[in-house]
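Each of the next two complexes has chain A plus one more chain, namely chain B in the first and chain C in the second.
Here is the complex of A and B:
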């Protein structure tokens, strides 16, 4: 019983990371109806930049800088990456009618980022040290790392904070107005282009923070982002791209299904249930578990 | 109809093309170097087959797939399991070696992959764009995981070694491999070209452009999308099966997500919907890293940049660029019509003579959540009449049309047409029964020509079988010519025949509205729904429109005219139903309805009604 509980807790923590990145996908979708397919690579950028600023690559020891430094570095790189993706990939794509232009354009930016990091930094795997140490905290037989608790707190904090911001403040209402109807929002004096750019920056910042958070649990490498990006995107779809808290539920489903499969079936298959759930959701609830139903107008 | 004569230059070009096609066949005879012919060219050919497969889904259907490496893998592994031998795989964990000969194994690989494509097709019916993209990724990754993990079946990460490829005692693993691969590439390209030029190709285009307009023209989205996915998968499976013998070895790493993306890149570089583009795109992707060694490490970055540049500056890829530079070489012959194609007799239309009521709504109610858009509506359209449906904005007119055409399913009540209940039929089935419609906000297929737009409307009259089309039989060409003439006559009916070969997106507003009518008439409908046909037209254009509508009526077709425009309505309708807030408030002949106080109130407001 403890084992199952432990697996569920570990899975839920993993799921929080997915949920956090998924929330990033939802943010840009709600304002611009586009998805940043390079978000996984921005997660990686967050991990890599955090590592560079926090740890000495040669020795693998701490550089001795306070954790605020990598945190700020990650926020800066996230903002820049978000702006870059929007300017170079999304904005020019919207002139074209077909949907695949922006899908491929953001995918291309992701490929460039990944290859760039490989060539300019390294292709190796590096161990990131958690600022909270690596002792296991035991609560009634269930062990978690301090870093994992941090992940849960930060993820929930960001998701709930941004959702509150969207629902309660006037700036948040502006974002919702743009997501409902760009043209009308623009007529009401909301700078819709600016709102969209900001949503891309916010989304990328969230992804970069997710990278920094997850780094101590995995290895830091140029290839750490792709799988995380895809899984988080699945979570987005399962929860519903248009839903605010949907990613949290989607993240829990995916994370827990992974740890349980890894333990009771085989580690090789641990990603399968997530993908199968994704396909089933697409087949039966194409707008996700918590998505709004769209009425097509003619 | 006149056949387009070839000019001297065009003949030379044809000859050069033929030469270009033949050259690869001769390569094994005079080139010794195996690296460039067997390895490079062979790779380009096989991968191009995969690009052709991807083009069917991305270029024609307009769905994005980032999972084609998975389908490629299914083909390769089916071939591997069926065709490989225990002898060359000594010491592997694989238990099953069927050791089939090449051809049967190849055919089964194609069929098996086709089945996987069928499964992939289902999500595409429910969703599109970014939703479908991730589904295809997931699909590819599921297959990838499976071949990695099922060691008993696939030998896992260690991969499968293939036995040498021998036919009649001759080994084909050297440059002669081209003779095995190249014919398949040509075959696939030939089939795809035939399909794309037929009514199937137009149906794909129609679905890509507007699901709703396609269904309203009698095209089943389900059937055509699934077929496209199955075909695409079959072709990908063929590529995969051939790939096994390229290096005589397959391992899961080849079939990763990166490979799906690489194939997509090749497709975009070359340009979608171009056979020639498919091959140059893939050639670029294979050759570039080989030409520049320094390039290898930065390969993906350069490809990423190239992809961005292509997307934004060459949306039709390299093939599009070449088409622009050498229009003569790539120009498709357009049909040329002569005076004899004009209808000598008055245009023949199917009449609704069977005496059944063309359309009857029985207590139809349509709810969206709490909102009642149409409230217990009864409506009957009499044969051979123009029935007007009017009402202020938001009164439920368009919802009514969408219920009649099957875009929405009514919450309660029933719709029947020609004496049969149609309330549960799909939109395309209603269209095939003989209910045609036009759209308030135009839904033309912009990239198709005016003539082709009407041909989409003729869809249900095409009789050629799928296989006849693939093979390009003469009967198919004959049917196509016949239908082109039919379409031309329909254009004549609305006065657009001089614009037959123009792209629909270049039409003026009023012309687009006429084209919508021609396309609807192409269905040979017994009932036609005109959804605000006069919106945005000038007074003189409205007059011409009235004439067209009256001509439709005189052919015996029942018309349901949805309109705002009072004058037009009063002038040509035989009977009018007025809606307000989803409820019928008046019905009868125009002169009576016009004076109905309820109607005046709905249109002018309560105070306006007092003044009137």
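Here is the complex of A and C:
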């Protein structure tokens, strides 16, 4: 029994990370109807910047700076990256009224970020030390890292916080208005462009924080964001790109299905059920499990 | 007309410029100098550099100086082939040393073979070497590294010696890991043991809970692992997470710095076959090498001491062969390597006739000792 619980908890924690990044995809999609495909690389950027500010690369020991420093650094780099992606990749292609240029443009930004980090920083794998220590905490035979508890708390906090902000505050309502109907929102005096930029910044910030959070569990490297970005995208689709809490459910489904398959079927098929679910969801509920049905009137 | 004359004289000048440099004996070195395998490649190149400097300071080979031409293969198979063609066709090297990755080696050794240029593989354990004899009686590929055959024998032998009854295998899904798994399974089968669990993991996997739980459920009393540093560290860390502790014995790569630092205290007690153990350096030659390495590259412990030592030894074996051949022609060097008159006291062992015309493996089971991780360092496990 503890074994199954351990697997479910490991999977759920992995799922929370996917959910957090997926939430980032959803944020920009709801305002601009575009998806920032460089988000996985921004996750990596967060991990790398956090590592550089927190740990001495030569010795692998702590630099002695309080954890606030890497946290602030990651927030700054996330905001900048979000603004950059929007300014260089998304805005121009929307201006040209091109439907799909942003797909390639955001992917390109991601490749540039990854190669830049490889060139300027390193291509190696490094160990990030968790600010809460690397000891395993045991609760009734189940081993959990303090960092993992932090991941769950922060992820839930961010998702609920942003959803509350969107539903309760006037600024949040402005975001929702833009996502409902850009033209009308603009007529009502909402600075539509600014709202979209802010949503990109928020989304990238969340991704960068996700990178900082997972860094102690994975290794920090220029390639750490690749797989996370792809899996989070399928979580977005499963949960519904228009939905706020959908990514949480999608993330849990993907994360738990991965660990259970690895244990009871084969480690080689670990990723299979997640993508099967993805295909099934696309076939039967194209807007995701929690997506709103959009009726396009022509 | 005038332009032609100028052009012709420029070309002449360029040719003189080139021929000036070709006084040196060029040796190609390739390996992963970046990425997860970098500790192996960089240490190997550093070891080779030290050997070349020593040889040049002592007057070089055949009155000429040795020059290393190094290229980063990034541990990518396709880069291996490209680099090899560049080394052979553009740089005209007389011999090639390296690489570190099995896949890269297998994708590039055909070129040295075709060009009849001897190559000494000094790190890659799974690459084909003696296998070439079947199709190519004139084999130009040599190795000074513990092959997967020897490693799997040592690993399995150690496990059985420690009284392991239920063996679990855990290997990565690359050429290297799966090749190792096959060999370990074969050795186990010859001892009449069937593994209770055979699992695999992918490069960049960081959570091995599922695999380990399955091994634990199968009642495994030892884990035999084959992979590279970061993922092997993840195996050790996940074992700690599910608070399960059985001995882990695995490929020599467990001595890489990216295993020892990433696994931390969870790595203590892990054992692996080694050809050179830094903490165990006894001969004056080994101690001198470590001193030079530290002064020159400011690194202690060496991030992959085995690779450094094998890199160093490969240069010396090549030097002896060139001296014996009396020229730098590929076939002559190859024949000299197969029938080396001088014996060589190296870092990884003493070599008298390391190669023959039917066996191109310098490292035999007797050269291999068992290393153990303790507090981030590799020590001799004592047996």
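Here is the rule we use: the second predicted complex is superposed on the first by the 295 of 298 C-alpha atoms of A that agree within 3 Å, B and C clash if a C-alpha of one lies under 4 Å from a C-alpha of the other, contacts with A are read in each partner's own complex, and residues count from 1 in each chain.
The working rule: contacts are C-beta pairs under 8 Å (C-beta built on N, C-alpha and C of every residue); 3 or more make two chains touch, one makes a residue touch a chain.
Keep in mind the model is a prediction, meaning the values are calculated, not measured.
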Chain B versus chain C as contact partner of A:143, first or second or both or neither: second
Which superposed partner A:99 touches (first chain B, second chain C, both, neither): first
First, second, both or neither for A:119, with chain B first and chain C second: first
Which superposed partner A:278 touches (first chain B, second chain C, both, neither): first
Partner chain in contact with A:268 - chain B first, chain C second, else both or neither: both
Contacts of A:230 with chain B and chain C, given as first, second, both or neither: first
A:60 touches, of chain B and chain C: first, second, both or neither? second
Partner chain in contact with A:186 - chain B first, chain C second, else both or neither: neither
Winner by number of chain A residues touched, once chain B and chain C are compared: B
Common interface positions of chain A, toward chain B and toward chain C: 118, 268
Interface residues, chain A side, partner chain B - complex: 29, 34-35, 37, 88-89, 92-93, 96, 98-101, 103-105, 107-112, 114-116, 118-119, 226, 230, 233-234, 237, 241, 266, 268-269, 271-272, 275-276, 278-279, 282-283, 286, 295-296, 298
Parts of chain A lying in touch with chain C, wherever the complex brings them together: 3, 6-7, 10, 14, 60, 118, 122-125, 127, 134, 136, 138, 141, 143, 145, 217-219, 221, 223-224, 227, 259, 262-263, 267-268, 270
Complex contacts: residues of chain B adjacent to chain A: 58, 62, 64, 66, 122-123, 126-135, 137-139, 141-142, 145, 148-149, 212, 257, 261, 264, 268, 297-301, 303-305, 307-308, 311-312, 315, 368, 398, 401-402, 407, 439-441, 443, 531
Residues of chain C touching chain A in the complex: 34-36, 38, 74, 173, 199-201, 204, 206-207, 209-211, 213-214, 217, 229-230, 240-243, 258, 261-262, 264
